[in-house]
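Below you'll find the structures, each written out as structure tokens.
Across the two complexes that follow, chain A remains constant while its partner is chain B and subsequently chain C.
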Partner chain A sequence: MQLINDKREIGLALTAATLTLLGVNAPLAEAKGKAGEWDIDTAVLFYSETDGRVSAVEPVAEFTRNYDDDRKLTLKAVADALTGASPSGATPSDQAQTFTRPSGKGDYTVSANENPLDNSFHDTRGALSATWSSPLGDDYAYSVGAYGSGEYDYMSLGLNGTISRYLNNKNTTLNAGLSVSADSISPEGGIPVAFSRMALRANKTEEAFQTEFDASRQGSSDNKTLIDVLLGVTQVVNRSTIMQFNYSLSMADGYMTDPFKILSVIDDTPGAGLGTNAIGADGNAIYVYENRPDSRMKHALYWQTRHMLDNGDVIDGSYRFMIDDWGISSHTVDVHYRYMMGKSYLEPHARVYLQSEADFYTRYLTTTEYNGGTPTVTEATADYRLGEMLSGTLGLKWGYHLTEDHEVSVRGEYMKQTSTGDEGIGALATQGLYPDTDAFWLQLGYTF
Partner chain B sequence: MKIRQMLKNGCILVVLVGLTACSEWGVKPWERDVLAKPEMQLIVSPIDAGLDDHIYFSKEGSSGGRSFGGGGCGCN
Partner chain C sequence: MQTLSLTQADNPLNRPEPVLLTQGVLRVVRFQAMASPCEVLFAGLDDEQVGVLGRLAARETWRIERALSRYLPDNPIARIHAGRGQRIAIDPELFRLLSYADQCYQMSGGRFDVTSGVLRHAWRFDGSDRLPEQALINSLLTRVGWLRVQYGEDWILLPDGMELDLGGIGKEYAVDRVLLLLLHQLQQWGKTLAEGQFGVLVNFGGDLVCSGPPPDGQAWHVGIEDARRGEVAIQTLSHRHGGLATSGDARRYLVRDGKRYGHILDPRTGWPVEQAPRSVTVAAATCTLAGMMATFAMLHGAEAEVFLQAQKNIQYWIQR
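After this line comes the complex of A and B, so read on.
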């Protein structure tokens, strides 16, 4: 087997040398398929969170048509079906809590001391993308792509392009890319008015409820635009090491509030009621719809190095630093190690993600901040994804080459997210405000 | 002013060291056999990368870096 591998490596080296001498650009990657043929990469992902939260099934297929060594068309199709429950943002309470579904057509009740999860979450999504990539003379290459995805209440359309400049015998590649997309959201029940109170049915007629619900809505849809700029350099370090360094700038404008997320209003009046849900004039607890800024600018630095050891194993490490004008900064470290075992390989994976909270993140609003319906804050969210977070992922992938071009693989990943923050006041301090999120996903893949 | 000068000198030093390092890095065209292997591509499995990016995009406050940050879903 080793002899076969050695022979293959010598063959690849000779091919590269011959192509160079002939003045033909040696491909940077060993082409899997021959010109005029399709390469097909398929997988199905099963994703599940504990405690009855989100679960998803996501089949994906990528078709690559190789026109010659460098020109290719890649088509990708993804579908996913999601069901389950998602944290609403409200705090747990020592009393059972009833919430109105986002559509306004029903309620759900959360038991005392349980973290409120909105269980009306189910959606299907389909996404298609196409990318054409090609050389542009001897020293340049480009790619152009289009993307579209749709789900029940969300649609996204995008265009992107990159240009690459080869330098230093193709040991250095400068990359520049631009991506523009337009998203629109039409949530069931409409767009909530920022900080308006969630209408609740208890203690009122259906007609009074409907009037209150309608007053908490400001239209049926909204949209946002995203512009991403990416500048990068890829550098061959030596015969077995390659490195990439990217800077990316992402600008978003428009509606970035999550229309399904709410905040509890907590009584901060000293006394027996300190830390309990504030109660409105209708005798119901007060929950308000969140509001986020309508623009966001993110900067990210990304570094990745991939190295093959003398025994043929491959180690890959990356680090990303991101900072944005919402006050979030994050560090991400990701490491893969691929043990090569003849026709198969085993690849353990570890990832650590550390995030600081957004300036407007708060676990709840106090009655002082709610200010009788005229909040003293302009933006607030209790979405844990914008809070302080430490997340760790461990994974393992096994792949087996049936033939040179056919590979089957199975991959499992386990992720644990822990959040921290303000522990609450009075009665609220006895509640667990930051439950962990545990997720597991399994992926089966077949490439041919 | 002094700090600005030090930063400027520091930046020049970093660029010079970087350029020197880069000029010594690299391989001859006939030494690309290892780098040409599928397992040596920076994104060795675009399918895995795409699925993971989507999960992390849906569950964290950051996205992008390796490629475009993207949007494209009202993820919960």
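After this line comes the complex of A and C, so read on.
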């Protein structure tokens, strides 16, 4: 074979050609992760809180391009359409309550004994991310990625990178990761001044209202930066068990207050008015904008174990503990069990989440704390997401392999969340301050 | 012993039904295809699973044989031959095989040529001393030449009078495809090789491939015909990884004036490759690769050993 003198080159080329013949383009031998093809994951998530508060439709598409065994590019696109109402933070009352919309344009009224929800909540979000991962010699691998998401009033841009070190014949992997992101928020109506009164239209001219509203704003946008560091180890225990242990540190700096959340000021003067909304000089109830610290440091420990049983079923359990300098600590236990049934599988899922409240969480401010507009507290929020809560989720997923690479799946999950805390003083004690949240997800997925 | 029944559609050539038998801890499914005894050995799987897998194996083998055989009147190869210079539609599998044949042609400098089958009209390797007339060889050579075949993803144009013979690839290809198909089915059942609970070996007349060592970690023991003796003698071979294939047939040769002419033909001259080994056996990652490495070695003639020594990740045995 004079045309090609290097006989080894012939052998290598022959090996490659044979693999092509048998593998890459052959339908039977096609397997996920094969070079030169895109793996595509699509899903649509429908989320609904059972009382109709919030509903969301979230299409997700993920494209992975494999270049060879280990190098790949993953692109992910998510679009969210959220509609509904979310709790504003104000307490319910035995009187109807009127609130100004966050934009300052218009009001909404909540009936007596109803939990105040801000129903102007409507948003669409788009997010894109790209990640490149590749080996680095025999013992290392790295990945780098970029992320961007934008919505009407929020923008987030981030970069991330990880490096992995393989030990013990790749039975042990050490991982280190770093991600940084910069977020900016520019809510309609501007950024509220901390603890300023929500301007209300009743009993005043539109001009007077506007002056008061403007005084409660401090510019149109604000920023925060986030740095996350992750250190982890993944250990193959035996042929059927793999374990992962991670520590992560997250540092956030900047504006972390929710500009749409308020607190009611409740009269704590003993007497008939105890526990009712405090009334200001304009004859309206007093609601103030919340304020949170401008830095937060979180530590989290995460442990996951995945085990394959002799019959091919897979059990996957994880536990996460998080603690931060806002005084919140949380525990998450999550268990999946996958029953293999030939071409299909059934995967029940259970999750329990327990969280303690932030140091500055309070269901309301008292007139003493409000102190006539010069609050004695520097931070306060009534956002239930920072309060004490317990939530449980039960789910079931069914997946069917049409072929090795094509999978359809349906996932349904039901979550019940209960919050607890201070039950209120005087008249307020008769109100339900901590309504449960029930939510239902349905996700349809198609992977090909 | 039990027979595995297949539908008419799955057994288009009306072959005897495969049989399933137990040999110690192994289960074996045997059937006939491609002029060879075919067997698939299973370890760590029960009768029910092996029944399903055995049917799949026979069905796939017969499907490939039916698609690629040049002896059948109504198959893609026959239609291509009947096309007489017209474009004929082909399926993706045939396109992949043609692309592979094309690469092998290029890499061998024109010595591996799937259009060289017409030369068999001149050569009868029956152990006699009857060499063909050069005039006959010359006339047949006008019908040989891969570069005159045009093809695309879904069509082929074979010039009138030429023949396409994928027999040099088909059997080894079938061996690998059957293994891939069985592993695919096992994976559907949630069984993966990483578990080390099962093993499969596919052996079509000594061209074979296995999924890895059997669960006990030892080797597979396969009886193969010993080509070196030039007679029907069986020897046992131990095999643990990948594929194994043999090129050459010690019984097919001519001898004239003390010179031995083996049956491997050089399509450029129409004559047997000079100083080719009697047989070359190669162990490589897959059966197809082993078979093609062995074929290339044969085509290297006197340099067969040099060619094989230059390769990585193979083992070989040469009989001269």
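The definition used in the following text is that the second predicted complex is superposed on the first by the 416 of 448 C-alpha atoms of A that agree within 3 Å, B and C clash if a C-alpha of one lies under 4 Å from a C-alpha of the other, contacts with A are read in each partner's own complex, and residues count from 1 in each chain.
As a working rule, contacts are C-beta pairs under 8 Å (C-beta built on N, C-alpha and C of every residue); 3 or more make two chains touch, one makes a residue touch a chain.
The structure presented is a predicted model; accordingly, all values stated were derived computationally and were not measured.
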Partner chain in contact with A:E114 - chain B first, chain C second, else both or neither: neither
Touch count on chain A, higher of chain B and chain C: B
Contacts of A:I328 with chain B and chain C, given as first, second, both or neither: first
Partner chain in contact with A:G342 - chain B first, chain C second, else both or neither: second
First (chain B), second (chain C), both or neither touched by A:D422: neither
Which of chain B and chain C A:F260 touches, first, second, both or neither: first
First, second, both or neither for A:N160, with chain B first and chain C second: first
Touched partner set for A:K224, first chain B, second chain C, both or neither: first
Touching partner for A:E58 - first (chain B), second (chain C), both, neither: first
Chain B versus chain C as contact partner of A:S240, first or second or both or neither: both
Set of chain A residues, in rising order, touched by both chain B and chain C: 10, 12-14, 17, 20, 26-29, 239-240, 308, 340
Of chain C, residues touching chain A in the complex: 92-93, 96-97, 99-100, 103-104, 107-111, 173, 176-177, 180-181, 184, 187-191, 194-196, 284-286, 288-289, 292-293, 296, 299-300, 306-307, 310-314
Touch list for chain A against partner chain B, complex: 9-10, 12-14, 16-17, 20, 26-30, 32, 41-43, 45, 47, 54, 58, 60, 62, 76, 78, 82, 86, 121, 123, 125, 127, 147, 149, 151, 153-154, 156, 158, 160, 168-172, 177, 179, 181, 183, 185, 187, 224, 226, 228, 230, 234-240, 242, 244, 246, 248, 250, 252, 258, 260, 298, 300-302, 304, 306, 308, 314, 316, 318, 320, 322, 326, 328, 330, 332, 338, 340, 345, 353, 355, 358, 385-386, 389, 391, 397, 411, 413, 415, 417, 437, 439, 441, 443, 445
Complex contact set, residues of chain A against chain C: 1-4, 6-8, 10-15, 17-22, 25-29, 239-240, 308, 311-313, 340, 342-343, 401, 404
In the complex, chain B residues that touch chain A: 22-23, 25-42, 44-48, 50-52, 55-56, 59-74, 76
